[in-house]
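In what comes next, subunit A is part of two complexes: it sits with subunit B in the first one and with subunit C in the second one.
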Partner chain A sequence: MRGGLIIATVLVLTTGVFAEQRFAVPTEFDSGYTKPTTQHPDPRASMMQYVDLGVLIATLGLASFLTLKFRRRWAIFTLMIFCLVYFGFVRGGCVCPIGAIQNVAMAIFLGDYTLPLVVLAIFVIPLVFTLLLGRAFCGAVCPLGAVQDVFLLRPLRVPGWLDQALGLLAYIYLAAAVLLAATGSALIICRYDPFVSLFRLLPLGKWIEALTRGGTVPGGIASITISIHLLVLLGVLVVICMFVGRAYCRFLCPYGAILRICSRLSLKRVTITPEECIKCRLCEDACHFGAIRQPTQTHGGHDRTRGKGLLAGMVLLAGALTFAAGWGASLLTPYLARTNAQVRLAEQIWREQNALAARSDDINDPGEVFRRTDTPIARLYDDAEDIKRRFLIGSWIAGGFIGLVIGGRLVRLSVRRRREDYEADRGSCLACGRCFAKCPMEQARRKGRSVSLTTGEDE
Partner chain B sequence: MSDKANENANKSKRVSRRDLLRNGLRGGALVGLGVSTGMLWSQSRTEGSVWQIDPLKCVACGNCATYCVLATSAVKCVHAYRMCGYCDLCFGYFEPKHEARNSAAENQLCPTGAIRRTYVEDPYYEYTIDESLCVGCGKCVRGCEEQGNGSLYLQVRHDRCLNCSQCSIAEACPAGAFVRLPAGAPYLPKDMEREG
Partner chain C sequence: MNNTQITPKGSPRRDWRLACVAVACVTGAVSLTLIAAMAVNYLRLRDADPLASPKLAGMKEALYEHPADEQLKDDIRRLDLRLRKAHLRLRTRLATGGLLLGSILIVLVVSIRAAEILGRKPPHPNHPHNDPKRDDRIAGASRWSLIALTAAIGCGAAAWAMLSEPSGDTLLPAHVNGQKPEPDYPTPEEVRKNWPRFRGPGGAGVSAYANIPVSWNVETGENILWKTPVPLGGMNSPVAWGNRVFLAGAKKRRREVYCFDAETGRLLWTRRVQPAGSKDDPENVDRDTGLSAPTCSTDGKRLYAIFPNGDLASFDFSGKEIWSRNLGVPDNIYGYATSLLTWRGRLIVQSDQGTPDDALSVLLILDAATGKTLRTIRRAVAGSWTTPAVFSIGGAERLVTVGDPWVITYDPADGRETWRARLMGPDVAPSPIYSAGLVFTVTAEAKLSAIRPGGTGDVTDSHVAWSATEDLPGICSPVSDGTLLYTLTSEGGVLTCYEAATGKRIWSKEYENLGFHSSPSLAGGRLYLFSRDGTAIVLESARRYKELARMKMGEGIHTSPAFLDGRMFVRGVKNLFCISGGKK
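Entry: the complex of A and B
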């Protein structure tokens, strides 16, 4: 016991500012008093995480079945509402695959972070489902998508060029989120997630917990504070989503950006008409997400050599864009690096050392805390330089990725495609089921006037 | 391929070429995903990690009381009895300018009266924390740290903590005292329990 105390004391002393053993510690009491041991309650049971994982797999499977085989919008909508209630209000919207991007990035790039297996599974499983069975996650499982879908009142049509341009925001968000997580700076997806505040306004999970435990939830029932900024952001987004269908999914969601790529490669996908398309355009009107592509005109005198030249040019341009965007992003390194607390501290100390900023003796000031710890300034500078180097490499990669995405879009736009029917775009389709619900051929099929149903096959 | 005569014959082939590309890419994506998942799997832990305060870095600035997403912070003062001097004049308990050495509210440093002072025997007093009252402001911790033995310290209490992916207090901590610990050993006790 004494030995331990000495070790503890030495430990405390070596850290400089902290208290030493100023008063003798009584070891024996005449009154027979024994010292209580300090209690350390265990983390809350994480069993629910496994339930979440099971529900995720089950709902993904069901959603895929509903979009590919059962093809009923009401069923997809019902599943979506269930997932909104369960993943959103009951489970508070956390853990979600969107935020898990950052945890996976941290696990890859930060040595000292260990990824919980459940989080890894929650990140990977929707990707696998999308690669095989299409983007049913977005349409029916994601509670964030469901919120936007529920609020969709008067959908406006976003012009194609604007849709393409805004769609790039999601990739920029993805690149920034991975960069900031991989450098251990910030988890922006979680910090700026507006939907979590909505789920926290109605914490069903807490209420259920209170009921089952008889009203004693540590920390109370409506105990989570909601930031005003995020509520304002939520309000703005909800208003936008009333008029622009699923604006977050289409233009911001970083996980949606990954799913978009997976969905382009998917084995099965949503088909609109079960039989020959009669080109009635009803599906195009039904889709609020700009995902329906018209049949292509039949070109008689199409110049293939010219098309090839254009394609080659676009591929070269994509390469150039990758480099240019990487270089552009690398110029932002000093600003990006300031999201890191260590870098900020080093810059603050440097300014104070060079008399460019006044010192504060407030205990809330990181500079003041740093001075109290007697850490050599050189080490702080070295650490900050190290992080800045990581930021430099990271912003080259992140910028290059954004450039590659822009280039990829240009290449894709320059490739001529043949479409005989109205089709859902592989990347943009969110598998909500509105298109085939409106398709007259599908209606006819349901009334039994037709039998052959081919689903999921690509042409 | 540019031969016009072959174009019609090639039309069906062109579709299948695109399919081939897509199948190849999908296979590659699945294999890549599998391999990277496997690699991450081997590094991951079933239990995951939780947030904790390193008491040797903590300066008890008070941010824990205000930045936690819980209305009442999950950070509480914890007492390492084995470091405590059981002093009559406790710098974690009494206001620096207290009128009398008794438990009257105006003498107490704790804004919520969460520390209970009980007489043990002359000259010793025991100090216990009522966690349901503690808001984690760390006023007592600073008093004890600066003038006493430093037996009072702040810890994230895991029966309350929601374990946010990014802890809001960790972001606001001026000392960088928040660390991630394996959920199997989620505390950093200040007394010798920590050493073994």
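Entry: the complex of A and C
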């Protein structure tokens, strides 16, 4: 019940933001003016959501086939463009496993929230595909990734150490998004998704819908709403993505952070060449995402002893970091809790009651809205306290998770692996197919020829 | 492999690449132009919200007063339609621009990609590294970068928590019954000891200090603690708090706020005021009013300043701008001159404009900390130049405003009107005062009125204790020591003394050849007058006229003085004077 109240409050307060942009009902006079009948466009047919789901499954299956079996970059690229058009411009970026993270978090932590099965499927299916067949979703299906690929003009190589550090941001974003969704505070992934602005610039879905009904776009062209702030954010991101391959996917995407973990456990994955690697480094040159790992060097006995000591130290540090980050995040609870509208409202009312802030009679002011509902203030305070308690627990978990990720990375960096050939990193590889498209062994395999392991020339 | 260009001169591949580059350049330039045009359009759209049109709101307000006015209804319909059309036109333009931009961006991206592909060189990877320490080095650098980022995030989070004030824990409901934090506004005692607004505490023009010199000499420096030039002129009076004195000044395209050291007269800082939407050189500003007539106000932590073009800004005492906004240019025939008022964390802006039928006049109650409008109270009065005041009357605080034709009081806590009296005439400039249990209002075109506060609704016929109609001031506000009331006419220079409680005229004194803009002030039982030509007159506040001193300031005085302990601050046409008996 309480969870429902929180969601309702968030929705009511959020809709107020949009309500400001709408026109008031025209003042009526005794002039014979008759108000036009309100048009109610039909809701989108419920069947269409299963069509979306079908398209998602089909494209994921096709993408997996293209990366693992057919192994043609042009085919992957073509599929990527189709997904960009369909999931991006036609569906407005709304068939979105990234945003579905929040719905799942709400379903788990907010008792009254019912998760639609379609949304659950949209969240789970790419994860299952990744666990089985690698990150085909990122490589060819995700419209956000496709936008970045389209704008990638002059890729620069991000140093390995910086790549490791920036990759942490995605986990922090994931932890923050889950914490805020689980407390019913905000859906930040959707709110700050810059790519949606781009998709709204060309709302193909609306046009198709209007054409199939034989009419014009409802509300005319002026009904298209574009957030200027998100457009600016999009512009900045596009400029970054011109030089840094898939910057959002690698350093920010919260779903990518989950997929990275799943991909490490996947049964099958992209291989650069099924044949023997000739170490020509063309795959490393072709990959713009820093996902190709070089063959390792051999180490002496002394180094191995030192390495073990370092590893032990990092394991201990990881444990300490997990606790410290959880504790540190818990200290931020009072400030994080202010992201919740209910907590902000309680604080506002309390400040007004204690003459620390002036009251407003603006009907859009949350305090005034609350007063008009005649809800007991004690109930508001109780709800706010409850949310703050949830934030306290959530902050410990979110902080601990971030600490664990940092610690895990430190441990992983201290583990020495043996690699004989150039390989795509299981976690970082986005299954775009650039590496095998450039691999001479792969080219030769397709043509049924062999390549010299010493010169790289056809034999 | 080699590193030679695969697009030799004259080859079709090279020609295609050049064509792609040309297309990219053209579409890039068009995109930039389009983005700039859309940005301008967006800013215009933001200002063209039909729901926020003050003109439409004013007309609707007027319709409440005249519900049968068919012409007004037609005007509202027409204006409403025009505003909506304009708004939709701008939105359509923005959306069309978005579509156009999207299409051009596609061409731009495709042409750049094509140019890049056509000009691509064959890959030439370096030989593999054989450094056995390479992996360890990269792993070590990665570990350090992770630790550095972790530390940076930790520091960022700590800084965020420290900058978020107050701590969220103090606001937990569990603390409601605990210790109450200090309010964000000064105590009455602090206000009494300082000079936070036009004519000081309560707008009464009465100093809490008696140790102000009776005489001084600007030429010899006797009792002149300091004298500092003011960069830009203005008709606003000084306000003072602690060891700071504040003024505002303006010229056609520049509006500034000044902070002086009250001890030395040193100009500590100057800040320009130019919020978004600010317009230079507002029309209809009379030369006598000037471009900076409203006096600043302070609550001891922040300074607030307003200008006739509607620019409003807040600064802390170090000169850092807290917020600023433009309220729109008031429709005022001589130029806006009403001073600001702070009360319990709120900033009160009285903006009386046009005629009563225009319904443009408003009283704005803003959150002093943020500048956000908390209440907008519409007033059916014409343009005025008076400054409101909050008086504690019978245990309740009342905000008293004076306009044409109404004296209206409000509860400052919620903006609710308490009572009103129709006592004023056109061109109201003198501000109200409260003394001897009466509210005094005056204007040259009507009368001097003493109103018994109280009642509800229109109290014109029931609550006027006494009134007078001779020698009425048009600009200077009255002053009272609780027993005697003084008025001073601007033209002719007639100072009149009344018995405050009864309205009995006790004496009057005409200062030949002197005119006054500065309102009379009281300190230590003495009246301080400053004429337009710079003559300062000090006299006893008594039932008999007794002049104590007469001095020349050396420059014209149009403003009212401010007082602190042992010091009087007077703004001349060019300089700010500090008159003090303690130092020379």
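Throughout what follows, the second predicted complex is superposed on the first by the 391 of 459 C-alpha atoms of A that agree within 3 Å, B and C clash if a C-alpha of one lies under 4 Å from a C-alpha of the other, contacts with A are read in each partner's own complex, and residues count from 1 in each chain.
Operating definition for what follows: a contact is a pair of C-beta atoms (placed from the backbone, for glycine too) under 8 Å apart; a residue touches a chain by one contact, two chains touch by 3 or more.
Computed from a prediction, not measured in an experiment: that's the story for all the values here.
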Quick one: is A:L187 in contact with subunit B, with subunit C, with both, or with neither? Answer first, second, both or neither. first
Examine A:A107 and indicate which partner it touches, taking first as subunit B and second as subunit C; both and neither are also allowed. first
Once the structures are superposed on A, label A:C280 by its partner contacts, choosing first (subunit B), second (subunit C), both or neither. second
Check the residue A:I172 against both partner chains and state whether it touches subunit B (first), subunit C (second), both, or neither. second
Quick check on the superposed pair: does A:A337 touch subunit B, subunit C, both, or neither? Answer first, second, both or neither. second
Quick check for you: in the superposed arrangement, does A:I406 touch first (subunit B), second (subunit C), both or neither? second
Quick one: classify A:K35 as touching subunit B (first), subunit C (second), both or neither. first
Using the superposition on chain A described above, determine whether A:A357 touches subunit B (first), subunit C (second), both, or neither. second
Taking the contacts subunit A makes with subunit B in one complex and with subunit C in the other, which residues are shared? 20, 23-24, 26, 29, 31, 220, 222-224, 365
Provide the residue numbers of subunit A that touch subunit C in the complex, in ascending order. 20, 23-24, 26-27, 29, 31, 150-151, 153-154, 159-162, 164-166, 168, 172, 198, 200-202, 220-224, 226, 228, 279-282, 284-286, 294-299, 303, 314, 321, 328-329, 331-335, 337-338, 346-347, 350-351, 353-362, 365, 381-382, 384-385, 388, 406, 409-410, 413-414, 416, 438
Which of the residues in subunit C end up touching subunit A in this complex? 42, 50-51, 60, 73, 76-77, 80, 84, 88, 91-92, 94-96, 98-99, 101-103, 109, 112-113, 116, 123, 125-126, 128-136, 138-139, 141-150, 153-154, 157, 160-161, 164, 167-169, 171-174, 176, 180-181, 183-184, 344-346, 365, 367, 372-375, 413-415
Show which residues of subunit B lie in contact with subunit A when the two form their complex. 1-2, 7, 11, 15, 19, 22, 25-26, 29-30, 33, 37, 40-41, 43-50, 56-57, 59-63, 68-72, 74, 78-87, 120-121, 124, 126, 128, 142, 144-150, 155, 157-166, 171, 174-176, 180, 182-183, 186-187, 189-196
Using the touch definition up top, name the residues of subunit A that touch subunit B in the complex. 1, 3-5, 7-8, 11-12, 15, 18-26, 29-31, 33, 35-38, 40-44, 46, 92, 94-95, 99, 102-104, 107-108, 112-120, 124, 127-128, 131, 186-187, 190-191, 218-220, 222-225, 262, 264-267, 304-305, 341-342, 363-366, 368-369, 372-373, 418, 458-459
